[in-house]
Each structure stands twice: as C-alpha cells, then as structure tokens.
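Chain lettering (A, B, C and D) follows the sequence in which the chains are written, and residue indices restart at 1 in each chain.
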C-alpha cells in the first residue's frame, strides 16, 4: 500500500491517491467526512480559516461504494484560496529552510505545502484505511493527555462521540482562551491506542519492517510532532528490567509497558504510543530575519492556538495508513474477503 | 542509498550490503573496526559473549581502499556460534510474537535474528556512511544522558576518545555493578547530535521525505529504543509558543529547541535527538509461558546489564546511514567529488 | 521521482500526482494539452468515444506556472461516463484474469481500470517530464515503423508537426479503413528515440539501476506493448560480434547498434528502442466464455482499430517519466537551476 | 521480497542477500550448486576462467536447511582474483560510459562490476526463489531457440537434464568452434516458459504491478539481453486482431499468443517470453579510443564465445526472483504453509 498527496494550503484543492487497497471493501463516505469535520472543529483551531466543512470527494477506485482494487483518488476543495504573503521567516516553520532549499525568493511560499492543511487529505485517506482496519476488528483511537500545563486525566470518562474534544473541560477551555488572548500558542501530548490487532504484525527480521519504527517514522512526519514514545516511553530511562517487564499471569499480561510491540512485532496487547506536539510557532512579535538577512519581527499570520486536539485525528489517520500497509505486507489479499480470512486464521493461532 | 543486512546472533557471520555510495570515497577500515570495538567494549555489556573483537571485512565495492560506486559488502565473523536454546518466551523480547508469526515451534529461535547482535553489521555500514559525512564536514555524536536513576551531566567534559564510555563515572560504574549482582538491568537515555549539516536536507513537500520522520523511524528500529525526541522533545508538551520558539539575534539563533529541523528540513543548527532505551528484558525469574501456554518462569539467558552506552554507537551508525541517504537524495553524485562540490555550493547559499 | 495515477475509463476523471520534480521549472500547460490532443486524434482511434478534447488541469505544485518542488497533481475530465457492461470475457483483455483475481462477479468491471484510457493521465504527467528533459536539451520522439503488413519507411521525411500521424500515407489510411470495415484491428511497431542525453545516465553497478531495464520495464507496462527492443534488438540473435559492435572512427561511433546504452548506462548516442504493439483484441464474434464458464461469442465493444499511432505518444510520455527519474537519481537537485548546472557539468566531461 | 548483490568479477567473492522469504521453506543447497554448475559449464563459455565449480555458501537465514523468514545471505568464492587491466574502451561494454560516469581514470575498472560474473550470485538467489515456486507447483524453464544463424527447433526433444545444453547439436558445436577460431562471438535467442502459475499474479490496476512490465524490466537487466518479447512478440506487429486473439474452445484456450499474460495479469496459461542476446562484444582488433581519446584497437580480453546457453540459466533465475516477488505481493505469508494455502485457495477459484 502506498499513497501520494498533493495540494497547497491556499491552493484550489487537496488531492490524494492511495494504491494497493483490496477490492470488496464498502466505503462509508460519511465516516470520512465525519473525521474531516472532527479535525476541523475540535477546540484549539484559530479564527475560522475555512468557512465550510471539508468534504471528501472520491473520484476513482470504487464501483458504487465498494473498492475495486484500483487506486482510490480523493479530492477536498479548499474554500479559501487567497494566499497571505509575508516577508519574514517565521521561526519554527519551514519558511527559512524551504526558501533556501528551493530558491523561492519568497519567505511565505514554503508555508503553502508545509502547512498542516496537508493533513486534511491524509486524514481522508486514513479514514479509508480505518474502514479496512475496522473490518478486521481493529480500532485506532487518540486522546489528549495534556495541553500546556494542564493534564486531562478524566478524559477517559468521556463517551466516544466527544473523544477528542476537550472543550468540555473548563480548565482547558479557559487555558486556550487566555492563551489566545495573549497571542500565544500551546503544545501538548497525545496518547494513541490501537486495539484489537492480532499477534504478528511487523517483523523482527529486518529493521525497516519493525512495526515500532514504521509507526514512529510516520507519526513523526505529522507537522508539530516532536516526540514519539511507545508504551512507557521516556519512563523507561530511569527504570530497571524487573520493574517494567510485562510478565504473564493467568494466561495474560500483567502490564503493557512495552506498548504492545515486542521485537518490532505486535504482541496482541493494545499498541500504545504517545506523541508530543510543540506549540504552533505562529506567534507575532518574534525576532527573526527577512530575505536580506535583516532582523525584523514576525507579524500576524493566521494559525491555530493549539493543534493538539486536531492532531489526535490526524494521528489516528496516519497510524491507520501505516498499520494497514503493514498488514497488507503480511497478508496480501486481492479482496477484502481474502484478507479477512487470512488475518483471522492467523489471529486464531494464538488463541486457545 | 539502500542497504540490507543478514545474519543471526549465533550464526557464522553477519553480512551487510550497502548500495548507492558514490565512487571515489577513501574508506579507512580502521575507523570501522574502532567503532565496532567501541560498541563491543563500552561499559554495560554482559559477561563477554564474544572473545575476540569484531572486525569488518570488506568484500567488494572498493578499488584498493577507494569506493567504485559498486555495492559495498561487509562481513563480520561471529566468534561464538553455539546457540543456547530455551523453552520459554522471555517477556519484552520478540520470542513470543516471532514464534507465533513464523511458526517456529521453538521459543528461542526468534532471538537469533531479533538479537541486538544485528546492530554490529549496521554499525559497520554506518561507519562507512560516517566517512562520507565526514568528507562533507558533518559529524554525528551520541552520548549518554542518563542510566537508570543517574544522570550524567558532566559527560560533556570528557574528551572525544572516551566519549561514550561512562565507565569513569564512579557512580555509574557502581550502579551497573550492583544492578548486575541483583540480576537486573538498566534503561537510559541518549543524546544524538549531528553537527555541520547545511540548510536544506530533507523536505517539507512530502511526508516521507521529512528528515525528522526519516531519522526517527530509523532510530526507533534500533532494538530497545522506545522513545525518540527531537530538540526539546517531550518538554514541548507543557510549553507555549513564545517560550520555545527559536528566535534570531545578531544573525544567529538564540536557542535550538526545535533540534535543527524545521518543517522537516535541516535549518543549519545542530540536529539534536534524544533516544530512550528500555532496560534489556533479559532477567531470570520472570513469570511467563511456554509453547503449551503453561506458566513457567524465565531462566538465565545471557544478556547485557545496560545497553545504553553501546546503543550510542549504534545510534550514530543508524543516523549516519539515514542522513547520508537523505543527502544522496538531494544531491545525487556518481563521485564523491561531485557530491562534495554540489553540497558545498548549496551550503554557500545561506552564508553571507 | 515517483508518481501515481488513478481513474477509470468511464469514471468522472483521471487523476495523477507526480512527486519529486525540482522547483523552478516553468510548465507550459499548452504543451500538455497538445500532447493529449495528439494522443486522441491520431489515425486509428475508433468511432469517437470522447466528444471533447482532453484537457489537463493542474491542481497543485505550481506557483503561477512554475514548479515549487511540491507534488504536482493533474486531473483530466472524462467526457463520457456511461459504462457499457458486457457479459463475456474478451480474450486478450484483462477481463477474465481481473474478474477472478478481484472477485468482481462482472466480466466488464476490470476493463474500467485496464483500459488504455489510463494512458491519458500518464501522457499528461509525461508531458511535464518532457519539459524537464527539454530544459536539459533532451528530446524524446516516437514514430510508427509498421502497421500490420505495411512498413512506413518514408516517415522520416515528414516534418515534426505530423510526426506520429501517418494519415497522410494513403496506403496506411486505406489499410486501416478496410480493416475497420471488416471489424478487425491492426498491430504495429514503433521506434522511440531519445536524443541529446549525455553519457552516464543509469548505472552498471546494480541491475535495477540499469537504464535499459528501467526503460524496458516501464514501456512494457503500456497496454498492448508485447515486445521491447533496444538498438538492433531481435536482429542481434543471428549476428556475430564483429558484425554489430559499434566501433569508433574519427572521434565518433560508426554505428549505433547497441541503441545508445552500454552496460546499462547511456553512452552519448541516441537511445533507440522499438516497441511492438499487438492488435487491440476488441473484436466481435470471437469464441469465449462467460462467468458460468459457458461458451459464448464476444459482442461489439467499442475500441480502436489501431492503437499504434496513439501508442507513440504514450511511449514518449512513459519514456520521459522514466528517463527524468533516472536523471534525478544521478543528479538530485532541489531546483531546476541546480539540476541543469550539474547535468551540464557532467556532460562536459566527455567533450573535448 | 527484495535483494541486493555485491561483488566484482575478479574480487574475492560474490555476495547476495534476499529479504522477504517466508519461513518454513526447506532449501536444497545442491539445487543451487547444480544451477551454478549448469551456468558455468554449458557450451559457449570461453577458455575456462574459473578452474573450480562455483559453489554457494548460505551464511544466514536458515535453521538447519529451513528458512526462518530472516534475510538469506549467500556467498560464492571467486577462484580467480587477478584482474587483467586494459587501456582501451571495449565498444559494447560499460567501459567507456562507466569511466566517465564514475571518474575511474581506468578503462578496465567498470568491467569489474559490469561483468556477467555478477549473474552467478543472481543465479544462486534465483535458485532459492525457484524452490519457493516449485512448492507452489510452478516451473521456470529457458531453452535456446537460436544461436547465430542456426535455429534449434529440435531442442524440445531433449530431456530435462540436458535442457539448456546444446552441445549435442553438432551444427551448433561446429558453429561455436569455428566462430571461436575466428576470434568472433555469437548472439542468439532464448525462450523462457513459466508453467503452472495460477490466474491472478500481477495486476492491471497499476502500471508497475503489471506482470509483463515487471518480468520484462528484470530480464532486460541481464547483461547482453537486448530484446524481450511476450508471446508472439514482434510477430504481433504485422498481424490483425482476428488472427492472433486467443479464443476459448471446449473450456480452454486454442492458442497462447498473448504469452499467458492479459492486462498485466497471469491468465493461467504458460507464461512465455523470448529474450534476444547480443553477441558478447569482447572481440579484439576493433577500432576504439583510449582515455586520451586517441584511436586504438581493442586487444584480447577474455570472454565467452556465446553467452546464450548460460543466459538461459540466468534468465530462469531472474524470472523466478521477479515472479516470486510478485506472488509474495499478492499473498504475503509469514510461512510457506500460509503462502501455499492461500495460493492454492486462489488457484481453486478458476477451476471447475
């Protein structure tokens, strides 16, 4: 499975093509749009840059609503095509390096493709991958663990419908509003959980087939993600083996510190990762330079106050794409029926 | 640039092939062996499993000692070929998942390839990549930040020759010795720094060309690594934009919280990553199961007390391979002279 | 450089994304449309299935008309969306194998993606690659050598504007018309010539980097192509070394039997390939089977009488994509200026 | 499935690594050596450059003689390590282009890696792939169709043991001997047949997954191959659709002009390809140039009189690698048992 995306932040559309999906998977377009809406509408987004909800249009690869095995192409219209130019390099963004690399002669051009707007189309493709995973009994869920100084431990109590939406936490809402008023932004932390995956996805035999490396590489490519942890993550540094090894008891594991992956292979437990997002560096009044190396301060450029809740949705999509790809590598399958049969036969191996 | 490795922990040899190196690079074989020795001899390794120092033998790809552009193959003899079989799945290792996945019918067979012994050959290939980077003025250095409960801040003061060798810290040595006596193991944290890279490696235009994702994916594939952070890493979670953005002042950055990568592209600052290693889970007396799902306890299986110092060397090698590959993607180059000229011309773009 | 295409013969659109183009290449959209029109309007096409000329719409990757290094996405509207279903497997088409492979339960569904309609979007992407090659002084030209029983040797005399259009050969026109009347179709042969490429594209060091293998693999993937020859091609079989080796004389080659590639590397001569196309197997009245394995005869399904002239255009596009990709592998280049400078510096090596 | 090879014609060894083989395949090493011996000993080879028979040594990837899923590495010792240097570019070889590309400053260095000696290690890896195919009931056989002016139609009558060995054809033996006496070399043609493959390998949905393109690209990468044809091949050029379409009759095809591949997918018939090999251009007395562009004549450089019989063996190996890879893409399979079960289940779909 492979995919390409295209499109700029203020271009006409975003475009994606995913190649290698099996035939016979019924695609519920509404689920794609629901995911796009969630990405767009969770708390933390800036003044509404898009007036209309994103909507995916599937242009190919289906017969009716069912996949044919042919490449699936998806398009999302950008409602907002007026590009705001600016004359300085925003620290923390691609602006400076992209201008030098590609010789744009324009500090604001790199932002067109570097923008997290691109994650909308990855979300759409990921929403398709999620439907494949769902057929196999696998779910992928991300939730906010922390925004700025505030942890969100009660989150688990929320029902699924509001899963990534932390707006009901008064404390978070207040924090975001006050940060916005100060013209500042907030980082945070996300937990991503894959449930229902069988033993045996990924492989220990070659480094680039290890599931941990694959998921981590893909998730680190999401804009603003600056750390990826598996299981206990950074907590492993100050621990000893006896403290953290996941022993068996009564036919199951007593803990899941390794985050569901041992030796680069899924071990049947939940796969648990944590992502840390930096605060969006779109802040005005920062010291920077312009193209002539003259020192200037950054002006106002539209951006989100806190991308963490939205990044939950993107992380689900990206993890789903990578996981589905790893599964196709193990099982192949021209049709969804074949894939499902093979996957379930494998899953039965580690059950009594 | 691409490479494959082969070989088992107790097989006759380890083998590696790297394809895509430019012609005209003089390879100093001693530097490869030095790196292999360092990996082998740093503090924390278990009772000496290898009686002789690892030595790389280059079998192809050179004319005299100079690359020809042809694939370079490297072999390392394993001194120790007797495989110790065991009848239980060691939690934290590939044993359980590998046996189910590949149908071995032997809990100890997966360990042959999952073993970190494989990192010796990646180190040898990485030592070649490091020589390419050195020609471009780039260095890659890892150091121990923490082992178990003990941070190692004075490490910086050590001279280069002892760089990853923390044996001179009495506190660490005592900790490792005492942990070994208890039959336990230790996790830790590593900082990896790439110095001298120009602006423009990696790209913001496509997610799998982002340098952060590439480095992170490769490093997470190193056995025992469970977290990868860039720059401020997990510290970003509780920060605001104004606190952490790397402003310019007097023609340079005031800080490097982003770790030298903005928008997936190197920005000319040091590229700084941190890796967290779990404690090696080779501990006896743990509750586990055997092939018949019967509960047993783990017996004694040889392993290191603390892999963190050795992982520094491996991390340098793996990062060098990935960085060299990203550079070849940007610059191509049939010969080292071409590569160097192109790289330096690009580097000159962002200098006054 | 890599690209994906999507879209069905009777879908709404064709979509393509090409990733890895350097920044700074001015794209002349008219040249893309000209190439699409030529593909569509050359002699041999069936009763007009498309009432309107194909037109490429570039959706991303440009700033004005200049590439930015970001993925370029292209869309072509299919004027004609009504899919004609049929209940038999057409021998010579994907129908039978695709139905079994993907479990369609519909003999006519595979044709949607197997159709040569897909080559329209490859032509559009190839027309972009051709503009990159043109900047480097490279041209790619295909011409008809034979259609059915009639060779077209005088073709060389035609001026460039009519290059692939053999309609002016009365003999060919008559042959095609008469074949159409009989409800039959015609195969033929194409010569493809790449002029202006420097020495050194491709490589002998690894089999999948050999330029001959790369071009041949890509061209054989064009529907209806059943043979690819380089230089003297099948003529080599009955020759001896002394008869066919391309000796030097007065500083240049006396012949070009090897077709411009030696050891998998371009040698500075014209790269010359020949493609043989089978007659389109869309013929009615053939004995075949239906889904229940019952013997039936094929009915009328719309198709071309002779795809050979159209395949010339497609072959140019596909060869251009592969060649541009091989060049990017050798030279890299974030910008067209860099690529051009590096390419020309290399080219200067083999000139006095 | 992927593989890398390394090693020079006069280096110490050839090395190969194949990654992605399923676990549980018993490897018969003798079959590898038999194939290596056949490649080495068939008629047409020059004065014996290798005094000892090639022998493959498998260094990893097996438990006993059974694959574990880990990368399999293979080594072949080169008996003959003294490199003969020469000071002129041999037309028809990589010498000239390789020297300019890689800046060797030595006309004879490119030959080290460009030499067909490299095909010995591809043969060894291919012999492993053939054993995987054999488990699935698939055979791959090549035979000589023509050498120079002499066709070998009676070849079919030979039994399998001598299959590629045309030494018993007096006419061929005489031709080769006489050509050798004249210091000349001979081209020829090979037919490659894959028998027993089920319907559905490869795919019509994306160009680089088409089985015809994949096989053709791989086979064209074999040194000296200059044309690849499928089924009727170049014969299609002068035919009409009605003449060549493979109709059904009594539940099977009446002909196999399409060579077992329709729409890029195997259709259950034999897959039949033809390869044309040029005469080895190692002939003395040819006009050429040296490094200073001075005109000289080629001297004597060791080489084969006719590589066509040996190329049969190489072609079998290369086709087997590509076909096995295409099969793994469709079926995945961590173990041979899984692969076989899935493959046979698919195969049962198109049988009554």
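Convention: contacts are C-beta pairs under 8 Å (C-beta built on N, C-alpha and C of every residue); 3 or more make two chains touch, one makes a residue touch a chain.
This structure is a prediction, so every number in the text was calculated from the model and none was measured.
Engineer: Trace the shortest chain of touching neighbours from chain B to chain C and give its length in steps.
Structural biologist: Each step joins two touching chains, and the minimum needed here is 1.
Engineer: Select the interface copy of B-C from among A-D, A-C or B-D: the correct pair shares over half of its contact pairs, counted by residue number.
Structural biologist: It is A-D that repeats the B-C interface.
Engineer: Sort the other chains by how far their Cα centres are from that of chain C and give me the top one.
Structural biologist: Centre of mass proxy via C-alpha means gives B as farthest from chain C.
Engineer: Would you kindly give the rotation angle relating chain A to chain D, two copies of one sequence, based on a CA superposition and rounded to a multiple of 5 degrees?
Structural biologist: So the angle, rounded to a multiple of 5, is 180 degrees.
Engineer: Taking the mean of the C-alpha atoms as each chain's centre, how many Å separate chain A from chain D?
Structural biologist: 44
Engineer: Take the average of all CA coordinates in chain A, do the same for chain C, and state the distance between these two points in whole angstrom.
Structural biologist: 38
Engineer: Calculate how many whole Å lie between the centre of chain A and the centre of chain B, each centre taken as the average of the chain's C-alpha atoms.
Structural biologist: 26
Engineer: Quick check on chain B: which residues sit in contact with 2+ other chains?
Structural biologist: Residues 4-5, 19, 68-71, 101, 103, 113, 200, 203, 205-206, 334.
Engineer: Show me the residue ranges of chain D that touch chain B in the complex, using the header's touch definition.
Structural biologist: 2-8, 11-15, 17, 19, 23-24, 59-61, 63, 68-73, 75, 101-104, 106, 109, 112-113, 334-335, 337
Engineer: Under the definition above, what is the set of chain B residues touching chain C in their complex?
Structural biologist: On the chain B side, the touching residues are 19, 68-71, 200, 203, 205-206, 328-334, 338, 342, 345-346.
Engineer: Tell me, which parts of chain C touch chain D in their complex?
Structural biologist: So the residues of chain C in touch with chain D come to 4-5, 91-98, 100-101, 103, 110, 113-114, 118, 122, 145-146, 148-149, 179, 182, 184-189, 199-200, 203-208, 210, 212-214, 216-218, 220-223, 226-249, 251, 253-254, 257-259, 262-268, 276-283, 286-289, 293, 295, 349-350, 352.
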